[in-house]
Amino acid sequence: MLTSQFLLLGAILFCIGVYGVIARKNAVLVLMSIELILNSVNINLLAFALRNGSADGHTFALYIIAVAAAEVGVGLALVLLIYRNRRSIGLDELSEMRG
Amino acid sequence: MFAAELLVAQNIGFAVIALMMIVAALRVVTTSNVVHAALWLVVVLGGAAAQYILLAAEFVAVTQVLVYIGAVMVLFLFGTMLTRARIGAERDLNNAYWRLGIPVAGALFAAMAIALVSSFGDEQLPAEPEVTSVQQISDQIFGPYLLPFWALSFVLLAAIIGAIVLARKD
Amino acid sequence: MQMIRDYNWVLSVGTFLPMLGVLVLLVTPKANEAAIKTVALLTSIATVIVGVFTLLNFNFDQAGSMQFVAQTDWIPVIKSTYFIGLDGISLPLYLLSMVVTLLVVIYSLDHIPSPGNPKAFFVLMLILQTGMAGTFIAQDLILFFVFFELVLLPMYFMIGVWGGEQRQYASLKFFLYTMFGSALMLVAFLAIFFKTGAESFAIPYLVENGGGIAKNAQVWIFAGMFIGFAVKVPMFPFHTWLPDAHTQAPTQGSVILAAILLKLGTYGFVRIAIPTLPDAAVEWAPWIGGLAVIGIIYGAFGCLAQTDMKRLIAFSSVAHMGFVMLGISTLTSFGVNAAVFGMVAHGLITGMLFFIAGSVKERYHTLEIAKLGGMLTQVPRLGWILGLCSMASLGLPGLAGFWGEFPAILSAYNPADGLNVTVYRTYMVIAALGTVFAAAYLLWLYQRTAFGTPKNHDHHDLHDVNTYEWVAWLPLLVAIVAFGVAPNLLFSIIDPAVQETLRAFGG
Amino acid sequence: MLAASEVLSPLRDGWFLQNAWLAPVVPTIGFAFIILFGKRLPKKGSEVGVISMLASLVLASGAAWQWIQRVGDAGEEQFVSPVIRTWTWWQSGGMEFTIGQHIDGLTVVVLFVVAFISTLVQVYSLEYLRGDRRYTHFFAALTLFSAGMLAMVIAEDMILFLLGWEIMGLCSFMLIGHWWEDGANSRAALKAFFTVRTGDVGLLVGISILFFAANEWTTTNLGVSGFSIRGLSAWALSGEPNSTVILVAAIALFIAAIGKSGQFPLHTWLPDAMAGPTPVSSLLHSSTMVVAGVFLVARLYPVFFTGLDILGPSSNVIMIIAAITIVTAAALAFVQTDIKRVLAYSTVSQLGYMMLGLGAGAWLPAVFHIFTHAFFKACLFLSAGSISHSASHHSFDMKKDMGGLRKHMPITFAAWTVSTLALCGVFPFSGFFSKDEIIDNVGGNGYTFFMVVGLGGAFLTAAYMTRATYLTFFGESRGAAAGEHGGDEHDAHAHDAHDGDNATATHDSHDTHRGPHESGVLITAPIAILAVLAIFSGLFNATPFGESWEYMKKWVEPRAVEVISESHSGGPGEAFVLAVPNAESGYSDSPCGKETPKDGVCYAPQVNHAKFKWSKALLSLAIVFAGIAISWMLSAAFYGRRDPRLVGLTERNVIARTGYRLLANKYYLDRLYERGIVSAIVGPLARSAYWFNQQVLDGILHAVARVSRAAAQVVYRDIDQRLVDGAVNASADVTKAAGTTVQPIQSGRVGHYGALLFATAAVAALVFVILNT
């Protein structure tokens, strides 16, 4: 197996995630896109871990999963709160910024 | 010999899973139904777990399945339920300027692809990867990476409290 | 360039003293405003005292060389060190940041903008002080970057929390603009780091070896730095955050923004971009000069179009920083001297103007030029101070503004070798015309706000400049006049350092 | 032939010459004092002003006296080196630049004139502005102005010169707008400042060019920077400078002079400047400040001499501008009904004479004309002020509120008449000696055409001054002069009424009750003094009476001799010896004309003086008398007897009508500016807006201000707010960025900025990928 194939897969997922962050309006969907990005990073880490034959990558992968979990938790809590206040979670409606 | 076949099998497996993941990921960011998006995300995450196994990271894979598909997805679904009265297709999940995402993501991918290919080319991964044991990982975590571990624990703690505080009704 | 290392603790103390104040503030109860104000005041006074100590121990014969240098390991992994030092260019700005903070604190003692909460306000202000002072003494790119960004957040909150009606818009715009710049700047820093063999982030080292980078690479790296700094300056066309930020920010925010923050960008050019990448600087200089000149005229037009006093002053900053950048773009010691002087002068004058705008707003509850008028009859002292500052700002000889403006125009007549003389002489004439426009919009502002008959008959409770304002303003006013009459107070310090910096261009 | 030793013999320079730099310093301190404590002082700060001006008058007189002694020491042929003291002021690029004094004949003359007139005008103002609401600020500004002018006069370097120059502009702004409650005044003030400032661009550019062109030469040969006036003079005559560079520099500087001295076509601000109080008009806008432009040319004369090829075969730009100014301004003076405007235009045309002299190589007569003109023109203005103060109920309108005043105010009348005769150049009044000398030398240097223009100007001058005199002092009393009340209603200068009204109500009322009467002593005394000088000041250079009377020539004119080495007596670091490339001892008398001096350096060009001939003088006197006589008869017929053949001529006769219209609209000059500039930038909009704008008060300031404000509106609204800002936002909005900029701003979407950041990252990444591969 090639190293680059995994890295490329990571890259693709990452870019899809970026696209999602930019394009999506719904906060939950944005969070999902972020999850995509995080996973792509994980794939890279593990690929390198295998390549260098060290366990550091695994460690970081685990950390990232944990952080992701925390992030989703807080993120969704925020979404709930916003929804409660505004009956909507469209990110643009959140924008205070009317030029 | 056998290794070679295994490699072939692995390559095929990788290709299939990767394809599946990519399609699923695309659906996640394009579907017009939040719940579907969540379910597609499940596919992606599962695929990722499979990839981890291919990368000889069983433990991470298991954690991935447990944490993500077990916890995070449930969270997502709950979030969707709680914030959206009705489940089903709806329009304007996208911004007016969603098209902009395409060139940006494309450029980003181009950059990374060039960099990766030029730097790794067709470098092979070790054919007989020895599986990283949980013990190694734990040595790592509680050895050199103890400080980040603590930091992480605090982050989780803060997140839990934060989530509770934020989500409380009053 | 040789370094003088005695008293090398003084800079660290001066920079991080405010942080001590922050800690104290954090433990003081929020309710006890008197205590909070006292702590903030004492901290900034102590900081200024340290600054004065620095000034006294500064070796003026060696103004060209780094002094009070301290260097220890910081992040060995990326070969970044805690490396600070002070030379003739940094000294005035370093002290200016301290003094301005003190004056702003004094002014805030009875001008806490709504929604109150002095604790948070002073905490942010002190953090800001650390960031600004640190930026001017950092001799290591990573350290510089850290301080540079450290400045960002407090200002963001200051605008976002204590700002005007559109504060969210303004603050977010400011934040993202600067982040956008900083991202490229960081990339550029990394690039130069690797291009010079990934040895060190120390600026002196990079100055030594930066010249060796291939030209096209230099040009690209410079591009990154250019955008990073140009946003901060701000140069046309990266300036659109400035009017909003200034208009929405509370008085104190505008003052610090105008007096110090804008200087971070120009300082970055003088300290980092130009000396480390000489070839690229020569390539870029005409474009920088061009943008600067556009900025001068354009800012003037922006001013003439304004109906809001504070916004007008904000646009005048664009014009004045245009003069500064024009001076820098000549790459001659003449021009860069003018630029550094201009930075200090603009800091004093525009800071003062924003103070005045704040006080006008507090008295008249509006900054609409159309609604103002007859200040000289209602609040004569304020009116005269405004007059003095307008005169200083339009570059009247004998006041500080002139020495940043005239030498810059002068230097554009013959730029450094390798730059197209004709282009720069055109710039010179346009810039000279810019002074006319400056006169136009400032006098026009003055005529409509200070002269004429008062338009508002509803408040008769207008009080003239009060004690706090006097205390906060007098130092600035004195400095404006003093530097105008005796410019060598600054030039004698700046000049050696500038020549040292521009060695790559033969002075 | 003098030996080098004699050349080196130190010239006497006493304390006053050494410390002439105190002359501007004292008023500066006075100014600060007035601003800070003025209101608390018994006399509201006026005494400080008067005292400080007296002090600098003493300093100036002392300096003048000791300079005369110094010249006396120097013998006939030796170059009288100026007394120079310098101190380091600022440094840049390792070069140190100095501030200091440069005292020579020219400096001494102007120094004395400025100090003298300032003192008199301040005394006059004590009475004239008594009880004005901004009495203190008025004196503060007046004192600061004198300080600025004196600083400019003694300047050793162009930077100090510029400083004084700009400070004068500022004070002019403050003083014209003294009664700023009235919008017209502050507009006039803005117009003045803005016009002059436009000219100052030339000064900035010129100084820059000269500095870089000359600095190397001056530092190597004279040890002074390229800002030093002394250095620049020597450099200009050294045959060193590149002719184009110095030409451009000279023209740039001359533009500044045009703006300051109200030369055509930038003269339009000066008449409006009469909105200021009369003492201001008499000090700033007739005798001193407006002379600054002329002074600039006289000060850097070598630069203009070489740059514009003065005394060359062809006429140069200075002469042409000056000639146009003389005639146009004089013609404009005919159609004015406002006495101060008549004087203003006459000032413009007199400044034209000075410029003409300088342009034609008649340096000394021009400087001498500065000297004499200051006295009689200040006197005329003060008389006008005296009239409006005591007789015409604060009106300046000759047709409405004056006439027949000679009975009521004898002193003023006498002073006015004397100064008028001086201005017209009637023998033996002072004007004759200076003006006639200019015309004479212009002709003598071969510029016959310009001599004719000068004579024509003299004719016009005589004519319009006679008209003004007749309207003011003869015929029957009209309006307020006849004791009528409420001159204010139809008062062109309502602010003068302001000052009177809320000034001394009692004084004012008994004014109107007693009708016209002579003014108080504080007003008449300065007028009288000036009148006396208007008669006799001409004797300082009375060429008709032979060599022995040409004091000015002896004292003031720098001698065009080659200086091999000079020892400088004086303060810190003054003693220097010039190291000229091939300086051998001994004195060679190469004329410092066009060709390069052989051994030393020259500080002054060789100019020649026309021999005085009574024949020529009588000719010009005849012209003057003709002017007076014709104008007198016409005025008497037109204003006195209302002769039907003349009255309404401008309606009946086409030529007369068009001519009158042309003048009444100031040659449509202002409208030309506006229309030209406007149509250049915002085109039809402004053209239609200003189509019927025939009131003369609109000036170039309004045009430029409105235009650039309109342009600014467009720039700001459409480009800044939509294009640039829009570009940021539209980059987050590809589909709409192509669309019109009329879209409301889309900023603030989190996604936009996310996109921005990622895009930046992508671009940067690509860049460095490319770099690294």
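Points worth noting:
Chains here go by letter, A, B, C and D, matching the order in which they are written, and residues are numbered from 1 within each.
To be clear about the criterion, contacts are C-beta pairs under 8 Å (C-beta built on N, C-alpha and C of every residue); 3 or more make two chains touch, one makes a residue touch a chain.
Remember, it's a predicted structure, so these values are computed and weren't measured experimentally.
In terms of C-beta pairs in contact, C-D outnumbers the other of B-D and C-D. Seen from the C-alpha centroid of chain C, the farthest chain centroid is that of B.
With centres taken as mean CA coordinates, the chain nearest to the overall protein centre is C.
Chain centres here are Cα means. That of chain B falls 80 Å from that of chain D. With centres defined as mean CA coordinates, chain C is found 38 Å away from chain A.
One finds 45 Å separating the Cα centroids of chain B and chain C.
Under the contact definition stated at the top, the residues of chain C that touch 2 or more other chains are 168-169, 172-173.
Of all residues in chain D, those that touch two or more other chains are 725, 747-749, 751, 755, 758, 761.
Within chain A, contacts with two or more other chains are made by residues 18, 21-23, 25, 91-92, 96-99. Every residue of chain A that touches chain D in the complex is listed here, in rising order: 18, 21-23, 25, 91-92, 94-99. Against chain B, in their complex, chain D makes its touches with residues 732-736, 749, 751-752, 755, 758-759, 761-763, 765-766, 769, 773.
Residues 725, 729, 744-751, 754-755, 758 of chain D touch chain A in their complex. On the chain B side of its complex with chain A, the touching residues are 7, 10-11, 14, 18, 21-22, 25-26, 28-29, 34, 37-38, 41, 44-45, 48, 51-52, 54-57, 59-60, 63-64, 67-68, 71-72, 75-76, 78-80, 82-83, 92-95, 98-102, 104-106, 108-109, 112-113, 116-117, 120-126, 129, 132, 136-137, 139-141, 145, 148-149, 152, 155-156, 158-160, 162-164, 166-167. Residues 1-9, 11-26, 28-29, 31-33, 35-36, 39, 42-43, 46-47, 49-51, 53, 55-59, 61-63, 65-74, 76-81, 83, 89-92 of chain A are the ones that touch chain B when the two sit in their complex.
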